[in-house]
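Which chain is which? They are A, B, C and D, in the order written, and residues in each are numbered from 1.
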Amino acid sequence: MSAQLNPDEIRKRIARRIALELESGMVVNLGVGIPTLIQDFLQPNHGVFLQSENGLLGMGPTPPDDEFDMDLISASKHPITLEPGASIFSSSDSFAMIRGGHIDVAVMGALQVSERGEIANWSIPGQDILGVGGAMDLVASAKTMMIAINHLTKDSKPKLVRNLSYPTSGIRFAQKVIDGGERIFIENSRMILREIAPDCTLEEISATTEAHFEVAEDLKTMPVTPHAMGSGIA
Amino acid sequence: MSAQLNPDEIRKRIARRIALELESGMVVNLGVGIPTLIQDFLQPNHGVFLQSENGLLGMGPTPPDDEFDMDLISASKHPITLEPGASIFSSSDSFAMIRGGHIDVAVMGALQVSERGEIANWSIPGQDILGVGGAMDLVASAKTMMIAINHLTKDSKPKLVRNLSYPTSGIRFAQKVIDGGERIFIENSRMILREIAPDCTLEEISATTEAHFEVAEDLKTMPVTPHAMGSGIA
Amino acid sequence: MIEVVHSQKLKTAQEAVERIQDGDSLLVGGFGLTGTPFTLIDTITEQDRARNLTIISNNLGEAGKGLGKLLNSGHIRKAVGSYFTSNRDAVQAWSRGELEIELIPQGTLAEAIRAGGAGIAAFYTKTGVGTSLGAGKEERVFCGERHLLVEGIRAKVAIIRAYKADTLGNLVYFKTARNFNPVMATAADLVIAEVDEIVEAGQLEPEQIVTPHSYVDILVINDRYEKVGGTYVERSVEPG
Amino acid sequence: MIEVVHSQKLKTAQEAVERIQDGDSLLVGGFGLTGTPFTLIDTITEQDRARNLTIISNNLGEAGKGLGKLLNSGHIRKAVGSYFTSNRDAVQAWSRGELEIELIPQGTLAEAIRAGGAGIAAFYTKTGVGTSLGAGKEERVFCGERHLLVEGIRAKVAIIRAYKADTLGNLVYFKTARNFNPVMATAADLVIAEVDEIVEAGQLEPEQIVTPHSYVDILVINDRYEKVGGTYVERSVEPG
């Protein structure tokens, strides 16, 4: 779906839509991949506090090239800045914060999401498993998990599946899934389609989704342009 | 023994002798009671680092009255000062330091010490047990434990006993016991008398000590006057 | 007059302690009387809404001071901590059967609260092995040494004392008044911090913030106690 | 020229890494290349005394940089950490069977090191429950939730990176170069800290010291790398 958009545009669309979900005062951890783009789509004075698991609360946007400092990076190892009121702490204090349940929202990428909301986001069967990072800590402990994914894998297989065939990241479930064409809530272990992009059809989504999902009675059109930001749809 | 000295003088004698045991570079925790007096008997530029379990490394001596600050206290809740290079941390970081085995010497009072070196220093049978503080943490974790005690209880019973009749503070053993008349090492769970005060006799000590102890072949005279400080006997 | 920069988290002591309910568990910062949230404690006593409290704190203050006040006003059902003998009133209340006491080694108390705040359900420690305070606790040998299993501690509310906050609620502490306060800030559903001063966000150095603002729900200004000759004393007049 | 106040703990990088033995376990600070003790790592590589090292570090640096250098020089037998895919050399060495890898969730790694430093033999965590990384681990239910038992981690030596030390060995860190360094300082028999600068004791504020000196055995000055355009690069000439 959204075949007319290139992958980069789809990634930005997802990031933009998730930005609308984040409210002032929330403590939010952004995973690698699409989630790192979200920061660029937050409104000025958004009041969202970005936590980075390498030891930082109050992450600001990418600095201009001439202010780059390798000693100030995100968990994705990108250069960042500090917002006023930011604090720096150790990795152990950072994961005490994460694992103690002090992160309101973790936005993460995924390789698969099951229809109950289980997340696979660290390992591909048959490939070398040599990296997990903080994925399992966040899945075990974040109050709310939002998943930012492309609808299909690179070889056009559904990522929203009945049951995970990829290794799971934990036993807790995601609450929201946002891809380029739709926004899905997972409530009581059931997927509910809440929004659909204007350039997608229900038929397309059904054909490319393995997981069972219900369609919300008040199915809405997903805001997909910058213009729609701050429209109160979140 | 040392019947001619008043209790206060005996306490000072004990503190003075223990001060000779403390070497430059050691991280030392001083318990309540007699151990709090030790600081006054350390040489200038002693290089000993005093740790206080309420969250401080580098405790300095009592301030003059007009510099008293209730926000800067020892674990005994006495006003203190900070040495250059002192650091302040939380109670949890402080006990991580203690319990992680980072204290070289804990000097503590005791109600009883068994001949194997077991320590009873928090509770009296038949009395209300409403305070333990950090005693058990130190007994479980300090590299070396030195015991500062009066030789007899207030009702003239031996404090150095064969087996504890008071509740134990843990399963680890003290290495040194210093009272007003003697200095005893505990090695391989056996007490060895190493020093005896000039105003005490071996007969006196034997008569008032329940624990078995050996007498070192090279039994020394305990330095008991300020003059003897820094004499290299330690 | 106390100058205060406005913060969304700022409330009066009265508003703050209204959130405490009858029967709640409370983590209360402080070691002896140092680093104690006096204003909040006094306000709980005066407001007299929440009784049967379980207080988790190293001590119960001193006789008539700090938590000693809350004890004497009859608000405490149970105290969990490491050292209560320094408050004679607590010993007597316990003797009369009016106060339940749970004694925990100080380091185990600090570690259990850290565990509660860090998502650690339980941990193994050597402290207390073979003692009457370890009696009945599950034991296990690691590397040839006996250890006790201790579960994490959390509470419904934490009331803590810091020196300065910024408008977001980041906290720094003063000297040894830090003690149990930072760890308690991590282990309660609602965290109320009593501070002397609030500055603009950005005025505290990022590397020097001890408690990040995400742990702090409510800020209250200490407008009752001032330091005179190194000791906190009640101000002679109520602040205007 | 680098100005250095003399400290009893100060050694050259060569003297410091001579303490590392063949087959030792090493905690190595850093996250990616940030907060990495480059000088110490390079010196181990050059000195070529200690092989078959077990490296406990979040990553193995990047290809040819930081711990990537030590990997390529053939000194590492096993790596324990959370993320190795960012160094292709590590992936390939593992594929060829030349490198053993133990993968641990990042938070569990940080907590296990803290436990090792704090005298906690083992702890229960929710992270990893139901995953292949939790397979075979002992499980236990607390408050209705499944937890895994994880043992503390300690090493023979820790090499860490700080910004400034004082003459006693107290340390402060710079921005996110703090990461794993402070916790690793607590969990090894020998702790070697690489710093940019040493100041007199008393010049660091007591409340701002992150690692108290009692954790630090040896100080080494970073005299090889300088920051150019925000990145650490090897100095063009060896310092005199």
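What we mean here is this: contacts are C-beta pairs under 8 Å (C-beta built on N, C-alpha and C of every residue); 3 or more make two chains touch, one makes a residue touch a chain.
Chain identities (UniProt): C, D = Succinyl-CoA:3-ketoacid-CoA transferase.
These numbers were taken from a predicted model, which means no experiment stands behind them.
The set of chains in contact with subunit A as well as subunit D comprises C. Looking at A-C and B-C side by side, the one with more C-beta contacts is B-C. Subunit C and subunit D have centres, each the mean of its CA atoms, that are 34 Å apart. Averaged C-alpha coordinates put the centre of subunit B at 30 Å from the centre of subunit C. Averaged C-alpha coordinates give centres for subunit A and subunit B that are 57 Å from one another. Residues of subunit C in contact with at least two other chains: 111, 114, 118-120, 125-126, 173-175, 178, 206-207, 210. Chain contacts: subunit A has residues 88-89, 95-96, 98-99, 140-141 touching two or more partner chains. Two chains count as a pair here when they touch; such pairs are A-C, A-D, B-C, B-D, C-D.
On subunit D, the positions that touch subunit A within their shared complex are 31-35, 58, 82-86, 90-91, 94-95, 101, 103-108, 110-111, 113-114, 125-133, 146, 173-183, 210, 227, 229-232. Chain contact summary for the complex, subunit D toward subunit C: residues 111, 115, 118-127, 140, 142-143, 145, 147, 151, 172-175, 178, 206-208, 210. Subunit D meets subunit B in the complex at residues 114, 116-120, 166-168, 170, 186-187, 200-202, 204, 206-207, 209, 212-215. The part of subunit A that touches subunit C in the complex is made up of residues 27, 49, 51, 57-58, 82, 84-89, 95-102, 140-141. Listing the residues of subunit B that touch subunit C in their complex gives 52-56, 66-73, 75, 77, 79, 82, 88-92, 94-96, 98-99, 123, 128-137, 140-141, 167-171.
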